[in-house]
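The structures come next, written out as structure tokens.
In the two assemblies presented below, subunit A is common to both, partnered first by subunit B and then by subunit C.
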Partner chain A sequence: MEEGGATARPRRATGRLCSTCNQRKAALKRPKTLEQICRECFYSVFEDEIHNVIMDNNLFKPGERVAVAASGGKDSTVLAYVMSELNRRHNYGLDLFLLSVDEGITGYRDDSLETVKRNEIEYGLPLKVVSYKDLYGWTMDEIVKTIGLKNNCTFCGVFRRQALDRGAALLKADKLVTGHNADDIAETVLLNILRGDIARLSRCTFITTGEDGPIPRCKPFKYTYEKEIVMYAYFKKLDYFSTECIYSPNAYRGFAREFIKDLERMRPRAILDIIRSGENFRTATSTKMPEQGTCERCGYISSQKLCKACLLLEGLNRGLPKLGIGRARGTNGLNKRVEQRNLRSERTGSNIESKQCGTLDF
Partner chain B sequence: MHLTLEFGGGLELLCQSTKIHSVDVKPKPGEDKLTMRDLLVWVESNLIKERPEMFMKGDSVRPGVLVLINDCDWELCGSLDTELEEKDNVVFISTLHGG
Partner chain C sequence: MASCGGGGGECHQSHCQRSEEDGGAEEETRERVASLSFAGDSPTSSATGDGALERCTKCGETVAAAAPRAVNGLCAACFRAYLFGKFKLAVTTNAMISPTDNVLVAFSGGPASRIALQFVHEMQCISLKNWDASKSQALPVFGVGVAFIDESAISIGPLHEMNKVIAQIRSIVSTLSPAHKELHIAPIENICSTSSNDGRIRLNELLDSVTDATGKEDFMKYLRMLTLQKIALDNGYSKLLLGSCTSTIACHVISATVKGQGYSLPGDVQYVDARWEVPVVLPLRDCTAEELNKLCHLDGLELLQLIKRPSNSINSLVSSFVARLRDENPSRERTIVRTAEKLRPFCFNKFVENTYHEFVPSRLRCKFQNINNSETALSEVLCPLCGSPLSEPEVQSLRNIQEKTQTPVENFAAHCCQSCSFQILPKGAESLQQFYTVLPQSVTVRVTDGTSDHSQLGELIDDYLLVVDDDDDDGT
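This part shows the complex of A and B:
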């Protein structure tokens, strides 16, 4: 696979030297550039690139209160560490803290919250936890008991997104940062193409979203490879939690993720290229985009009368858990769009978009 | 050949939640060298107790599983063709779990 070098034992060629410092032994191959670099140079380039992304995109202003969305997993653990480090090193002047969401998944979130609590102490960042039970009256365990293992990730995702916003508002945060990495974003671009979700396709590559809303959120790891995040955590011995969600094996995302990882192995740049493609999509002016308004019930941003979370919640509370699943439903002022959609489907003879995402198979 | 194998990032769950395994692995009969390719086969049949597809794909690790040999990215030392040596430390980390 790798060209073996001139010596008989490629690995023991007393270490290939770091292509940056030319002094120390290389420790990893960067997927982004294919350079071989040593640990120390990796730390610098990893942190500097994130710093540059933050500066080039003016992600923060001095004095801002910034909530770091913390799940206890690898991405958010590294994010909390790097943000706190960069804030100190470059005098961003940010008031940082950790924000966690307790979905109420026994054996998963309760354990990972322990990790976040350790991070709270180690990085000296205060922690705030908001729970689904408090916000919605339901834990994920209770939801799964009611609806089973189909679409449960839809509930969890929609609820989490709002929970983070509400938690951030509660903390009087000016901004929310999440640990979404380059692999995640490439995966989301693909998913939005697969689902024909034009509105999200154009939004999903933005480094900052919700600037018109109460709490803008941004992704400092937008161009950071997952491999480097995990290598960074490993070399720095950062404490993170890696049990998979016990409910996730059904997640549609898994298929897209595996595809991305296969592409990465053949050509690591593929990840950045998919992001670039996503950034450069232009929506035809004739494409109707949903208008952004606010939810009648809770005031959260929504393109419909009710936001997705309130709709899902209503379904749960009324014993109609399918309410709000899938986008093409006539239950929420969507009739016009459904008609358009049906017209389009008749033309193309495919109705893939109106299927529930969790039931799509490859 | 004595080796230390370490599983992380969720892969330990496939081998009864034990992260560190101290093992003895012999080269295939008739060969004097043990390569990473051989080791993966050995690991899959001796240590992985469930969901082997989370660990292997084809004859290599599943894409998204990182491998370090003596704390060095295996992509720098020959990946599957790397020849192992006595007392080597091999780490497998999944990037596929949670975030």
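This part shows the complex of A and C:
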């Protein structure tokens, strides 16, 4: 069964056999359970666990058109590979294709898009690329030039979500799958606790979200460890792009990520435990939750009058980079903020780059 | 990274351009606390700079340069009043202490429990004065006792250190006059056995069989609570008061999440925890460790210097994580606790109705459970080790096991929550059996076997039963 991290065991015992098949030599230690396992058994257990997650949660129906969100990174590359493999092996009957988003980040996204184009050929899945420039009129490079490096991840994340939905709609997809793995979801649970975002906290562990929105999206890798995805890609020699986004160093998520890495070293199952805690959180009936409506401007799903993307775009286009960043103050928050910003920029001749403080928001 | 923390409200950092317009009306006090506690941190943070006279932001008194440095923009007196105000508000809003209560204060020697003791003492003095002055003297003044757990049986420090510590505690308690406070010093091994030597052996055997470092620490924590409960029960106390502050609770929120205890977490972070025989109250829940430390320093309150054993557990990892977060933003601890507050508490987070209930103002009656509502009575199954309510899947697997015949050990293990099962219970049938035999009785009696539930149900409907049916052994 599972081994706790506290007991000392000899590492790299030579000649040890795989604990599953007891025939082949163990090639690796499984990050999730620390059991010693050979390559073939690792592939099996990795793929079977994902297959079971898909089955247990009824993620797909035969005949569905499923867009695989592909960035060229390890998660989405492995996702595309495993999805097409399982689709074939277990006859899911899905129509799979790749959907990629071009945020317009030179030296990062243009390189990773090359990887996705290679995946299109390698896995035989048709590819569609949607770009921020086409959808919003701004590239991330232009946005960062305008607002600096403090809240850029907010913009990118919000825009990407909509971009994926719109791309999926263009392709007439029934579902979208993303490569969010167990580590990602555990980080998100922690971040929402740190931010006090009870609304997101109650939703972030759902394996399928947006069922009442334009395109439902699901996360087959919900219980898959990031390390195992890397291992799978490594041993299978899958082609992926492994550089971190050039604008990311200041992301707050880094705090949580570092903590989780330390935690995983101490107790590997802690990542799944965080997810389980997240699933078991029950909101108090007295807690007010935001109501879901639609954006007045673009019709996208939104809990406010304007969806976040429209709000951020408004800010960009009017030279008000803080619009939509930070906490909104009631329903006339938009108007009030716009007034205040106008006053302030007149008064201080605001230099956007010098603003030290900001709040978490994404 | 000298960001101002972004908690809203006024920021005193000179280069921060945020101003009051960003502060919302809601939660203003919290935000003020955030900016206040940050402003007091570094010597360079005050707007007026070093050496200049500062004004208390509340009473306007000029704090002379020679006086203790103005804390958080408040003078020492106002800061003290502010913390005491939070304490008193928590006590009164949650009907924590009634005149007929005997309150046991758990004292660890750290700043939080020291302040808890001090504030309870002051409340008691005020009540005493009122009682003296009142003609009828109808309502009595609540009693206060102090409990300290002597952990020398498992500590790494030399034995004579503990005698010094105990003498120190006695002197601290004796300064809290006029109302006399009984001091109870309980060795931790007493929970295992009344004989000290036997207790020591059993306790060490117990701890040795827990191999996980975090499990060992948490197990000690549960034994401490059991010891406190025992002291309270044996000496007629009706409430147990802990000094748990915002910082402790924030760490607990994160560590419980990390251990998979998301279901039971809300029960641990409320003001009142009535699942124990002697209900536990946390009046310092809204004060941060930093504030409490500052007050101890200002008032020159004596603290115990207990040797802390080095820790390599998840709890210490979480502590350093929260400390890093706090450095980046001082109001983060408060936000973490507030998130947990938005989760659904349990029925045991309210007091059970008692005779005093009738004297409670009607606006506070909601703080009491309605006993007649049968849903509250037996709704949660609690883990015998940590007291956590079991989640639905855990209860289901317990019932599955209870349907088959099992030994007391198997029944006990099935009642444990998944976290305790993983990090505390030894793996392997033999070691588990051994563990079970050495466990304190106060732990093992908390477990019912499936059959007693059935007879309890029978008792409830006894009046209406016409025939006593002994053949029905279904248990459901």
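In the analysis below, the second predicted complex is superposed on the first by the 313 of 362 C-alpha atoms of A that agree within 3 Å, B and C clash if a C-alpha of one lies under 4 Å from a C-alpha of the other, contacts with A are read in each partner's own complex, and residues count from 1 in each chain.
Note that in this section a contact is a pair of C-beta atoms (placed from the backbone, for glycine too) under 8 Å apart; a residue touches a chain by one contact, two chains touch by 3 or more.
Treat the numbers as computed from the prediction; the structure is a model and nothing was measured.
Looking at the shared chain after the overlay, A:Ser76 reaches subunit B, while subunit C stays out of its contact range. When both complexes are overlaid on chain A, the residue A:Ala27 reaches subunit B alone and has no touch with subunit C.
In the superposition on chain A, A:Tyr123 contacts neither subunit B nor subunit C.
In the superposition on chain A, A:Thr287 contacts subunit C only, with no contact to subunit B. Contact with both subunit B and subunit C is seen for A:Asp262 once the two complexes are overlaid on the shared chain. Within the superposed three-chain model, A:Leu201 lies in touch with subunit C and out of touch with subunit B [touch as defined at top].
Judged by the document's definition of touching, subunit A residues 1-2, 4, 262 lie at the interface with subunit B and also at the interface with subunit C. Chain contact summary for the complex, subunit A toward subunit B: residues 1-2, 4, 9-12, 15-16, 25-29, 36, 71, 73-76, 112, 179-181, 183-184, 226-227, 229-231, 234-235, 241-245, 257-258, 261-262, 264-265. Residue ranges of subunit A in contact with subunit C, taken from their complex: 1-2, 4, 6-7, 189-190, 192-198, 201, 255, 259, 262-263, 266-267, 269-270, 272-274, 276-285, 287, 326-327, 329, 340, 348, 355-360. Residues 2-6, 8, 11, 15-18, 21-22, 24, 211-214, 253-254, 256-263, 265-266, 313-314, 317, 321, 324-325, 328, 332, 335-336, 338-345, 391, 419, 422-423, 427 of subunit C are the ones that touch subunit A when the two sit in their complex. Against subunit A, in their complex, subunit B makes its touches with residues 8-10, 13, 62-64, 66, 68-69, 71-73, 75-83, 85, 91, 93-99.
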